[in-house]
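Scroll down for the structure; my scribbles are underneath it.
Labels run A, B, C and D following the written order; every chain starts at residue 1.
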């Protein structure tokens, strides 16, 4: 009965393998995840929450309301006793893409929804949370998978709230900050030059990719299947600001040799000279970077972030390497981290959710640092079968002209990250936390 | 030293004939006009004041700040003792068009200025008003004309605040109201059919047009000069909703015969079928109109409003008449109302500032009802001389591809209306309070 | 029964005052004018005649066929005995704007009409000319005015053939020539610096403008009517290349102070730095100009040509003058040349039709040199009455957002030029032979 | 030293495995292929050969000259004794994409190149062919691979000449024909309903794809490599007009359920209702199809052709199937036809080069009927290594946002078709001879 909400909620529609294991914990998870969303809005004024900086982004208030609409429409309306909508008009206003629910407000005009105001949206959240807690306390059957889906959906929107507010604030000439930086972002000095990256090798042959095991996954991660790979190597860490700056200084943005033809046309038309949030200081000074903590000088050892696919690909070609395929990335990640998620060692990402990507700290930055562009066009896995009914209606609707990203970012909730997760965006998208890791053939 | 602020502030730059007469009253006028601006924002939330519905419109918060910036930049900075800017960044953020002041924020992105928030802008107004009152109390010479210009500028923005907020609210699917209607909008029933309009005749010959006398005027109203007119007649009242609805029902929007060729292409591309704020009720029911009081059924005797030049011209051709020239309009208005302004008899417009245009009440609706499109392209009067210095830098910069409107509207402050006033907009503009009065040749 | 063909045939629809005087000569005029059209195509290949360089221009082959279609459709079909269409498909293919005739081929795709080929179109002309000569020999009544209209129409297209082919050839990187220059373009040396221009003064007062007398005119030239003018002066000659080059060298295209706001935006978006057909020689050398004789070094004493309204207006402001109104131009021209046309003294224009504008030769260049932008928006004269029936259907359809040009050009047939003639184009049009004459107020 | 010419010449740059085997035959092949190109232009007038119907297409004259330019620039200029260019200006005019050669004429303006005329271009071909025959007779070493590349390049342009001229003629309201149909298009009646298609099964497992053996291939067909496939089935024949018409009649173009989200937006914006060259007969009658033989009634048993990827994908989803991957297509084709090409049994395609796709005649239509969309995004094969030097400069430059097509079409020269050949176009392209074959999973 669910349909997708893309690009807000790209790959939600089908939850295939979520098991009952974690469902005894659903009331607690519900509380924690809903509260985390609300905390993301705390540093913001009502005006900050209302504005929309581009059609691809949504206002924070809209995210707050839409994630609530999801539970009201798909769970409460069908399972709650004596259901009454909080406000019938919200059915249209906060619908994202679900045609079956009826009309929806045009996406590029979400920033014009000054009504309801932020206070009303917060009361909407309170009301729906109250009704949900009652329902969850009942323990009736049938809606667990839907609630789990709603929580996964909400976690996707948590990341989008951060990327969208970052984009909005970046449009202000003063580059205001979202939240002050906490002190001590790691045990390594981000101002150091990064150590040279080494290569992790894989001998190729028959491998398995796709989601395995019991946890939740989206339908596009299944079925797990066999592939034959050639021998390859992945860089041990992400490409750093220092390395990317060398590309910029080498005239990387001025030389069509490094670029895909379509990427070159795009770069030329927009006159791009650097990643999205870089700018030179006053009087052509040193490069600065806009972060959720405001402007800061470029830190050499940090992973470069906010690249399009075209830029990531151009950098890779300039450096004599290439982007990895998503299968290469996944089998290498499966070696290093448990398939089910980053585990406790990555728990620190949750606290860092609003920090800038951590400095290159010597670990492999596979999960939770920046999304890593792969060379793989987003497509169905072999044997992919859309779910029956409306849940599957939009499966695969977005499987064209988009490229897969892997690994999650510092803005992704830690428990939402896993090695089989497939994020995807068009080759021009830059406002997500997107970077790259190099690959090469072994022979 | 002043430059224009168009389209926010179209014809401000040169105040040629303001006399010292009213300047003893400047502190009082300053207080009243600045307070009136603030009252216009009272029904609105911070979110309402921040959003921008299209590039031609500005957020209410921006109007509140920009009109304040005007006094800070052009008066206080030059004349106040120990001047310190409230916030130096505002110099750029709230500059509209004045190149000499330096950079300015791109107009289409004014809605992204969530910082400063509304409270801060109100404190900005308080601070500047305090400093201005001190200055006005001093009675030094030199700045009176600039203050008068600032007040005229502010009155122009009062009208724009109303048209811009009306446009924003109209983009919300629920058509929310700005302010409830007051009861009793006149002694005639707006639901009546309007009485047939009669013609006011003029025998032509040598006439004088342009501003005369002592009050303030903008430079484009001068010099007063002689013209030779052919005999003509103007309708005694504005075209009503009932009459315009007859045009719609007669297929007026489907028949290219009535339209200018460029107007027909415009209408066809946008698939227009009615004035800007008309829509049919549910299930193809009766026509409704969006007003600052929310949706209401179309009132037959009201003047039709929110027409483009193209629609006004098409209606006139369909009805066998034509639009008046601005000279015809002005000489006829000069007969009916004092050249200096509507005078006390029109004082009621001030209270009605947020009301919908009044019903056809039998008077001639020459001033303060709706802006009336004329067939005159906006151009310099013969002998027009740009003022010396930067004040005149932008004189006439907008004298191309725009058409003159006369008469002021229900949203124009009453004391800001006068018969010689020349408003102007492109032929496609519809979000101002724009309607029409018919004219014909006499022979 | 006739409708317009704009922008190919802008102001044709109504021929109000053509008298029978010249009609005894119709067969001869028909032969001469039709032959002149054909001569214009002689230097061109079939491929040259088929291509369309922009939506505003038409292929030469289309002009050849459309002018023939006019006689076939409006004269032969109604008056010839045993009329049979040459090819019924031509009714659609070569209709320009006449809705009553039925469908028409989309204007921007005229260049894709490779069928019929040029030979077939020439046979079409032969066939229609034969039938027309038979009809003209009969001497029946009723069609004389239509034939006269068709000939005037054809003369308008003669000029468009030259401007459209010039634009096409200019798009070729080698700037090929249309026809070699004849030797001896005048008794003055175009390489000389032009002598300073003097002013012709007029004391203003009541004047008459509009077509007077017996010859043919278009409806927009009538009625003749009275105006009151302020004292003014017009320059004795057109602005020269040398003068315009001084504007370019003074940074005229880089300084917004000289430009209308809309003109500045237009110039900036297109990054314009000079008139349409100017370019620098190799390695940033001297300015060259593309002409129908190919590239040639800029001749200082020639009138500047191929300016938009925006450029003409910016030059005038830079030079401390202004553009004349069309009334000022007309009353001054009426002093210098007979109202009925340039007369024998201007007969040399006919032979020069494909030459570049003549050097500044000391005469006043009022007629037949370059079209002269006026500051007058194209609008109806007072008392303008559309003709009854379809002939008048499109009268005035183009009277918005266009500016009037006066005087004819070197590409206008000499007998088609008269002082009351009103040409009009949008403010951005540059591919016609358009220049300017300065004006100023007298006080 | 060679660079690509895309989209004219998409995947030319690297010829990796062409052997000397066929080079003894080079003079003969050169003569035959060059003559075949010339024959394609025979039915066309100079005007037909000059026009350009859209930016993606080129004029026939341009193809004739550009393929000649290739031999002049890359072979004669480097290897011929006493080389003199035919016309130095052609170096720019007929360069397609090769930056190293210098400037090039803007692609969307190729239709404005009325000079040189067609006769001159034919003399250009004669001159270069003469010089090439001399060179080929010499038997010197070094240029054989370049000549082979030039001939492969020319064969690609032969197909483009047909698709581009078809598009141009389709823009003419009369749908003129390119060449009359020959009688007898097969032994089956194309008006029959097609027999139901059956499935060809493959059990999956480890397979090899990519070019093998000795013949010429482009670099993107290499290296041959191992893949692991799941069991699958391909339809025994192409989707027919009858089947596609059922999709149209079932509302396939009105139901977003069948479409990729981006495809639906594209379809909606262009208001598409059928394949590119379908239209209804007069008064909403039966469907007709534009072919190189002119309009003809839709033949049910013919393969549907001129579909975008989006339409092919929507049809497949509507029918409960999917598009094949390029690997599935290739391994199935390898079973049915020799890897080196279609062989003598397909020789008839050469004669049919300008015919419409043959009726469904019971064979498997794998090669030479219509290009078959696959679901595979165009990407590098594992281990792909760009050739050294400029030849490889543009390798892979187009490997983004395009989809692979397989099988060649009725417009592809028979000897140019092979099972490993990878054609590619954006998902919206429709003017090539593109259709589809269904696939499904086996389990």
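To be clear about the criterion, a residue touches a chain if its C-beta (ideal position, glycine included) is under 8 Å from a C-beta of that chain, and two chains touch if they have at least 3 such contacts.
Chain labels with UniProt names: A, B, C, D = Ergothioneine biosynthesis protein EgtB.
These numbers come from a predicted model, not from an experiment.
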Chain separated most widely from chain B, comparing mean CA positions: D
Inter-centroid spacing, chain C versus chain B (mean Cα positions, whole Å): 39
Euclidean distance of C-alpha centroids - chain A vs chain C, Å: 60
Distance from chain B to chain A - Cα centre to Cα centre, in angstrom: 47
Touching two or more other chains - residues of chain C: none
Topology of the chain contact graph, where touching chains are joined (line, ring, star, complete, other): ring
Of all residues in chain B, those that touch chain C in their complex: 6, 99, 206, 225-230, 256-257, 259-263, 309-310, 313, 322, 375-377, 379-380, 382-383, 393-394, 396-401, 427, 441, 443
Residues of chain A that touch chain B when the two form their complex: 45-51, 53, 61, 89, 92-93, 105, 109, 111-115, 117-118, 168, 171-174, 176
